[in-house]
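Once you scroll down, you'll see the structures, which are given as structure tokens.
Across the two complexes that follow, chain A remains constant while its partner is chain B and subsequently chain C.
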Partner chain A sequence: MRFMRSYLWYLIGLVALLVLPQVVSSPYIMFLLNMAIIFVILALGLNVVFGMTGMLNLASLAFSGIGAYTSGILAVKLGLPFPLALIGAVVVAMLFGLMVGLPTIRIGGHYLAFMTIAFGEIMRLIFQNWTPVTGGALGLSGIKYASIGPLVLKTHWSYYHLSLTLLVIMVYVANRIRVSKLGRAFEAVRGSEVAARALGINTYYHKVLAFVLGAAFGGVAGTLYAFLMRYVDPGTFTFEESARVLTMVMVGGRGSIPGVIIGAFLLTFLPEWLRFLKDYYMAMYGLGILLIVLFLPGGVISLWDKVRSRFAAGRRAPAAQTSAGKR
Partner chain B sequence: MLLSVNGVSLAYGAAQALFDVSLKVEEGEVVTLLGANGAGKSSILKTVVGMYHPFAGTIEFNGQRIEALPTDRIVPMGLALVPEDRGVFPGLTVFENLQMGTVSWRRRGMKIDADLDKVFALFPRLKERQNQLAWSLSGGEQQMLATARGIMSRPKLLMLDEPSIGLAPLLVSQVFKTISEIQKTGTSILLVEQNARMALNVATRAYVLETGKIALEGSPKELLQNEKVKNAYLGA
Partner chain C sequence: MGSLVQIAVNGLAQGSIYALMALAIVVIYNTTETFNFAQGEFVLLAAYVSASLMGIMPWYLAMLVAVAVIALFGATVFQRVAYWPLRNSTFEFVIVSTLGVSLFLRNMAKIVWGAIARPYPEYFGGVWRVAGVSIVKQHVLILAMTGGLILLFYLFMMKTTVGAMMRATAQNKQAATLMGVKVSRMVALTYFFAALLGSVAGILVAPIFFLTIDMGMATMTKGFAATIVGGFGSIPGAIVGGLLLGLVEAFATAFISPVYKDAYTFVTLLAILVFLPRGIFGERIAEKV
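Let's look at the complex of A and B:
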């Protein structure tokens, strides 16, 4: 019952996203929709690492950068088509996740956050300076239009269907992780590491695994980005953007997959909606986020829970707060 | 002999926490470990379950040496620790929390219904609340959940770290009643407590720990009459 209901909401969201390109006429808005999807995938990855497992990773963009450069290089230098470049990017991103995760996660806590910042900076410098491979400061250009078989995706509209397909897959994967034994173990590690260990859960293994899975989401997002822009610029993969992904997770609702999706869309489009404020728009944007974090610590999605529990309380006795519903 | 700790010494960096500690738990016993804050009670439990490794001494569980093993190898042997802060997983439902208790033994396709019936018989409250997220439980219910989750791991020895802490008096006696009931199901218990009087009432044997050393050992009767114990722990 619970799953039927949540899948219903996903279905409604999907229909809305399918109808949207029919009414959008501006290529720029289509571009933003593609970007929003890329950010949703990144935020879903961070949600596995931070939202479910409780590790603060401030290098989301480094992993998407690895994905973007890997797929870009595979496409430009080896002439691989999109699907193969995607697989390559995901594998390489996961390898980097493993490489960074194995030593840093043992340290844990706030140190992990600092280590990820350092890793992000190192990766940015590598992207910028390893000219023979990454194209250096000029970036990596010459990526051909993404094509699936005979289908060449030349416009933002056609590309959007590729993005949307990958979004559906990644939302499905994120949901599978959450409801699986693995997801429960992640949630347990976040809830109480001591208790999780005391039950015989290998917390180190699960944390590294969460980190590697999060990196895979980065690989997918990076590949989508590289083929959307058909150019990879080292200036894209900054700490500021990683912080933005974190804000998406927090504003949407840490740990909640629908919340994270809403957060990523909201924070991609909010700056556009605020553009009429001219010079003040960034200040308003910051203020808005501040208000959400202050008054809705559970994120925008918690608003829904509040409304629902009030509604339920009005109809029935204000009994137990069953967030999970009947099994 | 279910558990025997022999001459264990433990240090956190340069600070030594346990000095030559020896204790044992026989099958079917409820052994309680008394002592002031910082005496090293929790350190002993965490060392037994492999979260810390002693620099001297041995630990045997069910005839096997375990002092060098990691926690995830020890727990499947039948040892469970219910930690001091209860450590329920707030983002999981009561049911999911209980499921987490089974990770040490459960393989694909194995049923847990009998285990659930057992803990729900001990804690009917949890059955009512099984679909509720754990953070929404009261302190007493969280203690029930943490204990139940420990039982779900099918332990031969259940170690409880201050199960009565922070609970209202009525709930405290409930906790100790449950401990006796768990003992009746054939599970041995190693109980760390500050509430000495209650602990000695349910225990079959007791140890008193002072600054990392075992200071006293005996039957609850002996300790209840011991002048030192009376003054220091019973407030008489």
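Let's look at the complex of A and C:
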């Protein structure tokens, strides 16, 4: 029963996502749905690093870039199929995560945020300038349609089922991390590093591990992106896009997996919904982000908590207080 | 020899702009312990506003008005909206709120002034020839203005009572409050300086480049790189880091190839991260608890 209840909302969401392609007729909307899933995976990765462990990583897109280029190169130059390219991309992204994490995490704190900005810029410039390997400013082209066995995924609709499968796996992984001993250790580190150490948690090890796990999510997202576009453009992996992933986590509700999923979907589709504002839509998008951070610091998911606690308060006793407090 | 001087002046001028941005980032960090990701928008707004004002008044007046307006905007509306309500939250909230404001301002600027790059009036154009060396006047102006501004800032921080109050706030807010320092005023002053530094960078750099909507973001990224190179949180580090990046860029562009201009910043950054992970002036990092 407990299992049922904790997974009920995920199941409802999954059913909705399975039904959606049947009613969507525009390839552009299908493309956006695929992009939303990629952003959800990225945001889930950032949620492990930042939401759970409390380390601000402003280079999410650098890791997805590493994933995209690795899988793209494996597919174009070695002719590997999607599943092998995916594994390669995840491994390489994790190696980069380890390489960046080991020296920088020891320094820690706000400095880490600065270091990740630097790392993101460095990777962007490598993508753009290492022409023999990455294709330079022209990008990496010639990626074939993703195929699994005899199945070739040519349309955004068929590709969507691949994205959705990976999304389900990644949401499951994120949930397992969260409820495991590992996740509790991550959250202890976020709460207070000194206290976590006093409880016998090796904080350095856990922080590096969180960083590497976060990088793995980036590798998955990057591979999905490379095979969706079938072209990797160095201009994609910018600081601004990394900041967008952070915004998704904050707007959805830091630390909450359903919240992060909602945040990523919301911020992918919000600009489209605001198109009726014509020239003003990006400005209003910025204003919307500001308003959510100011007036809903717990993210969109905290609305749900508020509704639920009010409902519970009405049913039981008037003394019950709202549980959605400020962190 | 002559060309070397020319390249050095060029690099120092470009580096001064980075230094101004880095200084603004560090000043905000020291007082509020967060970053202002709308810092680049001060550059953008000052450049565009002054360009528009030049139609109705002399250039020096247009610049003065633009800088004054942007600095006041930073100290009042901007700071009250994007920072003050979130002062008790963790620093990531301010990052996201300033990112939201940055998107808003940049896209409003796009609506008002258009997305197409346009030239900025060359208010101080021309070249000086000194002993066979030609020096762009604008570069000299940038160096003089930056030097003057940094000197004034230093004198203000070190020699005046208000400066001491600002330093006290940066060190320990609670103790400063107990000593009768009004923290809200110090925060306003901090943002005033950040917006001032950003807008001066804007009017100085505009004649060298075209006016574009992305000029703020590009300048801010370099400012961040400069703070890392110089040493995080250090004011001399911000200045030295900015100048160093400018020099590296200028010399590498001249002697290696102009194609990879931005890559030189990255090589410097990488070298610094490998050999001096805390930057040139980096202190031992001790997080405030």
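Observations on the structure shown:
Heads up, the rule we're going with is that the second predicted complex is superposed on the first by the 314 of 327 C-alpha atoms of A that agree within 3 Å, B and C clash if a C-alpha of one lies under 4 Å from a C-alpha of the other, contacts with A are read in each partner's own complex, and residues count from 1 in each chain.
Keep this in mind: a residue touches a chain if its C-beta (ideal position, glycine included) is under 8 Å from a C-beta of that chain, and two chains touch if they have at least 3 such contacts.
What you see is a predicted model, and the numbers here were worked out from it, not measured in a lab.
In the superposition on chain A, contact is made by A:Ala243 with chain C only, not with chain B. Within the superposed three-chain model, A:Thr131 lies out of touch with both chain B and chain C [touch as defined at top].
Here chain B and chain C are compared by how many residues of chain A each touches, and C touches more. When the two complexes are overlaid on their common chain A, residue A:Tyr280 makes contact with chain C while staying clear of chain B. Of the two partner chains placed by the overlay, only chain C lies in contact with A:Phe50; chain B stays clear of it.
Of the two partner chains placed by the overlay, only chain B lies in contact with A:Gly255; chain C stays clear of it. Of the two partner chains placed around the shared chain by superposition, chain C is the only one that A:Met115 touches, whereas chain B remains out of contact.
By the touch criterion defined above, A:Arg190 reaches chain B but does not reach chain C. Of the two partner chains, neither chain B nor chain C is touched by A:Ser180. Residues 326-327 of chain A contact both chain B in one complex and chain C in the other.
Residue ranges on chain C touching chain A, taken from their complex, read 29, 33, 35, 37, 81-82, 85-86, 89-93, 95-97, 99-108, 110-111, 217, 221, 224-225, 227-228, 232, 260, 262-263, 265-266, 269-270, 273, 277-278, 285, 287. Partner chain A is touched in their complex by these residues of chain B: 49, 51, 70-72, 74-76, 80-83, 85-93, 95-96, 99-101, 103-104, 129-134, 136, 146, 149-150, 153.
By the touch criterion given at the top, residues 52, 181, 184-185, 187-188, 190-192, 194-202, 255, 320-327 of chain A touch chain B in their complex. Partner chain C is touched in their complex by these residues of chain A: 50, 56, 103-104, 107-111, 113-115, 117-118, 121-122, 125-126, 129, 239-240, 243, 246-247, 250-251, 254, 279-280, 282-291, 293-294, 297, 326-327.
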